[in-house]
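Chain lettering (A, B, C and D) follows the sequence in which the chains are written, and residue indices restart at 1 in each chain.
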Amino acid sequence: MSYGKAFGLWRGACPGPWADYTRHAFVQGMADGSLPRAQFLDYLVQDYRFLVHFSRAWALGVVKADTLAEMRACSATVHALLEGEMALHVRLCAEAGIPAEALEAAQEATGTLAYTRFVLEAGYSGDFLDLLAALAPCCMGYAEIGARLAVEAAPDTPYRDWIETYAGAEYQQTCREVGALIDAAVARRLGPAAETLPRWHSLSQRFATATRLEAAFWVQG
Amino acid sequence: MSYGKAFGLWRGACPGPWADYTRHAFVQGMADGSLPRAQFLDYLVQDYRFLVHFSRAWALGVVKADTLAEMRACSATVHALLEGEMALHVRLCAEAGIPAEALEAAQEATGTLAYTRFVLEAGYSGDFLDLLAALAPCCMGYAEIGARLAVEAAPDTPYRDWIETYAGAEYQQTCREVGALIDAAVARRLGPAAETLPRWHSLSQRFATATRLEAAFWVQG
Amino acid sequence: MSYGKAFGLWRGACPGPWADYTRHAFVQGMADGSLPRAQFLDYLVQDYRFLVHFSRAWALGVVKADTLAEMRACSATVHALLEGEMALHVRLCAEAGIPAEALEAAQEATGTLAYTRFVLEAGYSGDFLDLLAALAPCCMGYAEIGARLAVEAAPDTPYRDWIETYAGAEYQQTCREVGALIDAAVARRLGPAAETLPRWHSLSQRFATATRLEAAFWVQG
Amino acid sequence: MSYGKAFGLWRGACPGPWADYTRHAFVQGMADGSLPRAQFLDYLVQDYRFLVHFSRAWALGVVKADTLAEMRACSATVHALLEGEMALHVRLCAEAGIPAEALEAAQEATGTLAYTRFVLEAGYSGDFLDLLAALAPCCMGYAEIGARLAVEAAPDTPYRDWIETYAGAEYQQTCREVGALIDAAVARRLGPAAETLPRWHSLSQRFATATRLEAAFWVQG
């Protein structure tokens, strides 16, 4: 796994949910192009709502960090999300016929509420590591899906743009950095044998639950 | 409405979701006795998981309160939940053939995660009023369902015990007190014309979203 | 140390601040009776403000706990503080000529703000262990002072009541239970060699800073 | 007041503490050049520790915001603090003979603990407005001091650089924007007559307490 050691272990501890998420019918439908357009647009709208809370969760990372380096890494992500990715998302939606007002007005679906509030609550009730463990499945899952679909997807799938975004060098680099942030944060707090501690099990559970909620996120309502 | 002014207004502002929740097929199935036993037991298990987080949310109320009276009211609820209601729940489940270990080991369903984390996150990110607005649909909805079903339910429904718990004088009194707590907390912060403020709209939204998540809670998986 | 293993180690890691706190001139003045009454009354008023936030901090423990046993232990403390200790405090102050309204109206001194907000922020930003490490110096420090002064204090010191409260069997038992709660919470998360982890150092720092702030609390303004 | 309506009212409600803070002997000593260098350096070191928590508090603003505009304003501040102001601070300290390691290693003084934890706890326990009311005295107080001292200070005071930083167009503009952010946030939640609500009083209190803690911050230890 190029996204770090902790991610590799957490992923390996929940193979079923991880496959349900990253090899979901929705994902396979993007790969072979069979995913109905309307379903993709519903997903895009909920994903916009998700990004708002995802930005808030990374900002909570700044609050919960122990070092300036951790603060800076989280702040850079918030900045990139709010000033870059969300504007991109708004433009993609506009091109797909969804105006910005519709994004703001859209009701959050249950799956969106479940996933976003789970991550934020994990961050509030736990510490920096709990927050990162809940954030990891989203970051790295999309990187893994993008990388796989860049190879496997039908050449003419209409979802090529989406795939390239997450397969692209920039997103892949971001995820390697997030992986390194997590590994350093774990080592800094729990030492070199972190995975032998009971604490590891609860982090692993946070990751697994977030993965389950990611799987449920693809198709809602 | 005997459960306070704020509750009455919030409830009146989301008639559709409120009916979906309090007149859900699951509820009607308890009333006429047609609800399959297995479905009720699944609900009981998730409701146990819910009570854990519900207790945590009321404890967050103690942290977020402004006055000793507010702190005491929230603390009394936490105490009653942890020392009374949860023990009762464990006994009811045991009688129904679900041992305590099964309750602890049960995986939280998506709807349980969605509802409980929404309430806790509302409390963490907002203030005392946001927390109370998110808690109210659960407290008062069960009181309203209990009171209605005590009159309407088939005499021989096997769910008579559940109905009597929430129709009972003690639970009804608790909900009148929660209603009074909310009204006093609103007046203390927002004054006598609270419902004319933009702040009221966001509280009303918190209540409506929690109500939607209550409706989804009855039947999961 | 009869107040648990973690407490013993944390205390042993900051001998200077611990002595500054538990052997403060204010404490010695209670022992030999030389402490001016007015200074004691100022302390009592600030201690009342402290108890409000101390109750909130223990309630945050309920929110941050991982198990029902941890939730119950914290909730019992909140309940005891709000329904017992604070009423006792109000009565003692009334006997000393400070009416309840004066307690509520008193401005929080800088040292009170520093200590209470440090504990609450440690709990919010960290996890359950960070909160307990910040709470421990208050609980156990008073127990240690009480036990020592019960033996060493002048027989006729006018502060005999204060001393007996904290030397008494009930308070001592409470602190042994808090010590056991901490040790179990540490073992449950960090395993049997918790003190070898980097995480231990940051917990130890939380304890040391809280101890420093306790020392500054005795005499303010 | 060019820093907004809410700030003007909050400031006007605590004239004594505001004068204690902005016309503190330390400030006057920078104006006439009589402030001992060593005292200024002690202040700089504590101010560095303060900036770390100040950045965390603005990040909490992103988490607690209601709109994208609010999130972006807070995130821009975090970004500017972490990527600009703190680096500048480190350089100024280095020029003054305080290496970066000394800044990181410095123990937080009681006044630094009191002020930073008060702000963060206000943000955690309250809502977005509570956080802003606690942050405002720092932002705007420095702007006011800078603007006044740019006119009044002795031409040859060695603290001319410090004065110019806060009197400068960039910092003044930032504070006008923070003032506008606060006014918009108040109007968005509490409507056009916010200052007639009981909620206003508690915000005003948050501001006044933060102002008191700012005054105590200048000279510590």
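Rule of thumb we're sticking to: contacts are C-beta pairs under 8 Å (C-beta built on N, C-alpha and C of every residue); 3 or more make two chains touch, one makes a residue touch a chain.
Since the structure is predicted, the reported quantities are computational estimates derived from the model, not experimental observations.
With contact taken as defined at the outset, subunit B and subunit D are each touched by A, C.
Listed options A-C, C-D or A-D contain a single repeat of the B-D interface, assigned here to A-C, on the basis that more than half of the contact pairs agree by residue number.
The most distant chain from subunit B, with centres taken as the mean of CA atoms, is D.
Interface comparison, A-B versus B-C: the higher count of C-beta contacts falls to B-C. In a homomeric contact, the two copies may use the same or different surfaces; for subunit C and subunit D, over half of the interface residue numbers are shared, pointing to the same surface. Between the CA-based centres of subunit A and subunit C the separation comes to 42 Å, rounded to the whole angstrom.
In whole angstrom, the spacing between the mean C-alpha positions of subunit A and subunit B is 31.
Per-chain Cα centroids separate subunit B from subunit C by 35 Å.
In subunit C, the residues touching two or more other chains are 56, 63, 120, 124-125. On subunit C, the positions that touch subunit B within their shared complex are 52, 55-57, 59-60, 62-63, 65, 68, 71-72, 74-75, 78-79, 82-83, 86, 120.
Subunit B contributes residues 63-64, 66, 124-127, 130, 187-191, 196-199, 202 to its touches with subunit D in the complex. The part of subunit D that touches subunit C in the complex is made up of residues 56, 108, 110-111, 113-114, 117-118, 120-121, 124-125, 209, 212-213, 216.
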